[in-house]
């Protein structure tokens, strides 16, 4: 298949889909056998990105694939199109989200320990409903609190490919030589840990829930545990 | 304002809007006073339409304005985007099919006798439509019930040459429910056969996520399958 | 007058310019050598004036802008440019308690965490006042250490949340580009099935049926059952078939045997009839019931 033809199909697909498309999904467009290989597809994507250089759109790779998006620099021009302003999120929600992002898997109690204040059910519900956060298991302590982790939808929304793309956390300075430093949290996101949690979590006690289905691209469906008290009534 | 800049903004607006934009609306983007006049805007739109000539998208003027849409000629390429996730067959259907395979020619009533529950018309219809089952005659008893048998499509689908390739009942009885793969080998020479059949059967369709999930949950598929939402519609 | 930052927009930044009596930030000279805690339209703003009259409602808004006691403490510390590792605990405690009291005075519904923190501060203060021997000095850490750690820990996530908030994000900063799709061909996928599933289903159904009824499955070669189906199909289109037509010599002895067993089984199940007019006449076979040929069958049936 001609290079130009591949590019044409890929562009149309990205614009038609309205959501990021993974390389696998793009590859599916061409059928199993005779389609272009991944290298050819990447070339087409590169070519598209090049085409958009002087345009108001750009090709962006995020966690769940590629999407064509309007460049941030165009936002000012397009203000009249925004009838509703984008939702604003409270500091409490953003702080909770960032704790989940950097410290996942983390329980509500652990978030509260750091923030020094209660995390409302409302915040957790909003994060779950937005699909930014999911429950990846339960900590084996009394009450078996749910552990939260971020989703690929979260990365997509904030234009990131992986958790490593999160802005780095600042260092903690130590007050005295001994004592204080112990038990310092790890700085980097523990994505692998989450993955293994999800794997291990296929046990019978891990119930299923609609939250996973919300995320069709989420390979962990079936591991999410219902939070009856958090579900919207 | 430069012509190229106008085109850039108009294109971004059309791709961002998600609905047709009237010339007035497009004009609004540029503010009231200093913006390009309608003639300049029309020129930009014409230029855009020209740009799209060899692409998978086109600029279309409809009643409420202009929009960028996917060319009709792309529809066939984009089919995989809208592919619906394959449903799963119900346990009732699987049992019916297995009885037809092993006990053919068999009537619906006979299947019901063995299963102890009614076989819905829906199941029979699904199997007939799928081409796995056909009517090979009618039993000469009151009601003249149709007798069902498997088809060559059925054999093809499961990668078998003849029905004898199915393991005999004696071997099946010794299968440990917990995974055919581990249960078979000690018992029968056909274990390898089944394994290889399964391999062959990883055809294009069975590579989907659904199939993978199913395999991982195979352990339970013989015992507990939630039936409610599995009936093919 | 707005603050150009979408982060931690402390309410007092709105409060100071709007609250009566108006305080002009431009004119105010810092009474202490404090670091500015905010910049309002280019002018540094260093402190909430002490005698400032604050309308109760405005204060509520101000207090609500804090995400809990750690946030309030951090504010007090940062406002005075205090080293977080060397907090003048007595002074900070005094200021903190002042805020707390102010809150209760206006019946602000105070979250329990604020009171817990007040107690914690008081406790640290008292521990600081205790005379400490050299030995203890070595064994015990600074009473403020835990607080300093918590404050920093909270502060880094507060900062991180500001950074996350600043990331270009969908809806607010970037929009997914999309084009209208007019013709949407939807193909519903058919479910997949593995042989394993099928076989396990059979195992289940057999096990169940043997439990309930006294049904026992004979161990008949499947090839015979398959052949039975084939013969039925073959006979379907014919009124009568020649018995010999049901055998294919090319299949060899095994094949012929399978066909013969199939015919016997079909006969046993009364699915077919075998007819012979006279000894040594050709043998004919027909289906017991054939809806397609029913009408014709009655006419052409041999006498």
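Just so it is clear, A, B and C label the chains in written order, and each chain counts residues from 1 on its own.
FYI, contacts are C-beta pairs under 8 Å (C-beta built on N, C-alpha and C of every residue); 3 or more make two chains touch, one makes a residue touch a chain.
Worth saying up front: this structure is predicted, and the values here are computed from it rather than measured.
Applying the stated touch criterion, the connected components after subunit C is left out amount to one piece. Centroid distances from subunit C, each centroid being the mean of CA atoms, peak for B. Distance between chain centres (mean CA atoms), subunit B to subunit C: 23 Å.
Remark: subunit A and subunit C have CA centroids separated by 10 Å (rounded to whole angstrom).
Measuring from the averaged C-alpha position of subunit A to that of subunit B gives a distance of 26 Å. Residues of subunit A in contact with at least two other chains: 12, 15-17, 57, 68, 70-71, 78. In subunit C, the positions touching at least two other chains are 175, 177-179, 181. Listed in rising order, the residues of subunit C touching subunit B in the complex are 175, 177-209, 212-213, 215, 217, 219, 221-223, 225-226, 228-229, 232-233, 235-236, 270-271, 287-291.
Note for the complex: subunit A touches subunit B at residues 4, 8-9, 11-13, 15-17, 21, 25, 28-29, 32, 54-57, 68, 70-71, 74, 77-78, 80-81, 202, 216, 219, 221-222. Considering their complex, residues 12, 15-16, 18, 57, 60, 67-70, 72, 75-76, 78-79, 82-89, 91, 94-95, 97-99, 101-105, 113-116, 130, 134, 136-140, 144, 147, 149-150, 157-160, 162-164, 166-170, 172-173, 175, 177, 180-181, 194, 197-198, 201, 205-206, 208, 210-211, 214-215, 218, 221-223, 232 of subunit B touch subunit C. Subunit C makes touch with subunit A in their complex at residues 7-8, 67-71, 84-85, 111, 113, 117, 141-142, 144-146, 148-150, 152-165, 167-179, 181.
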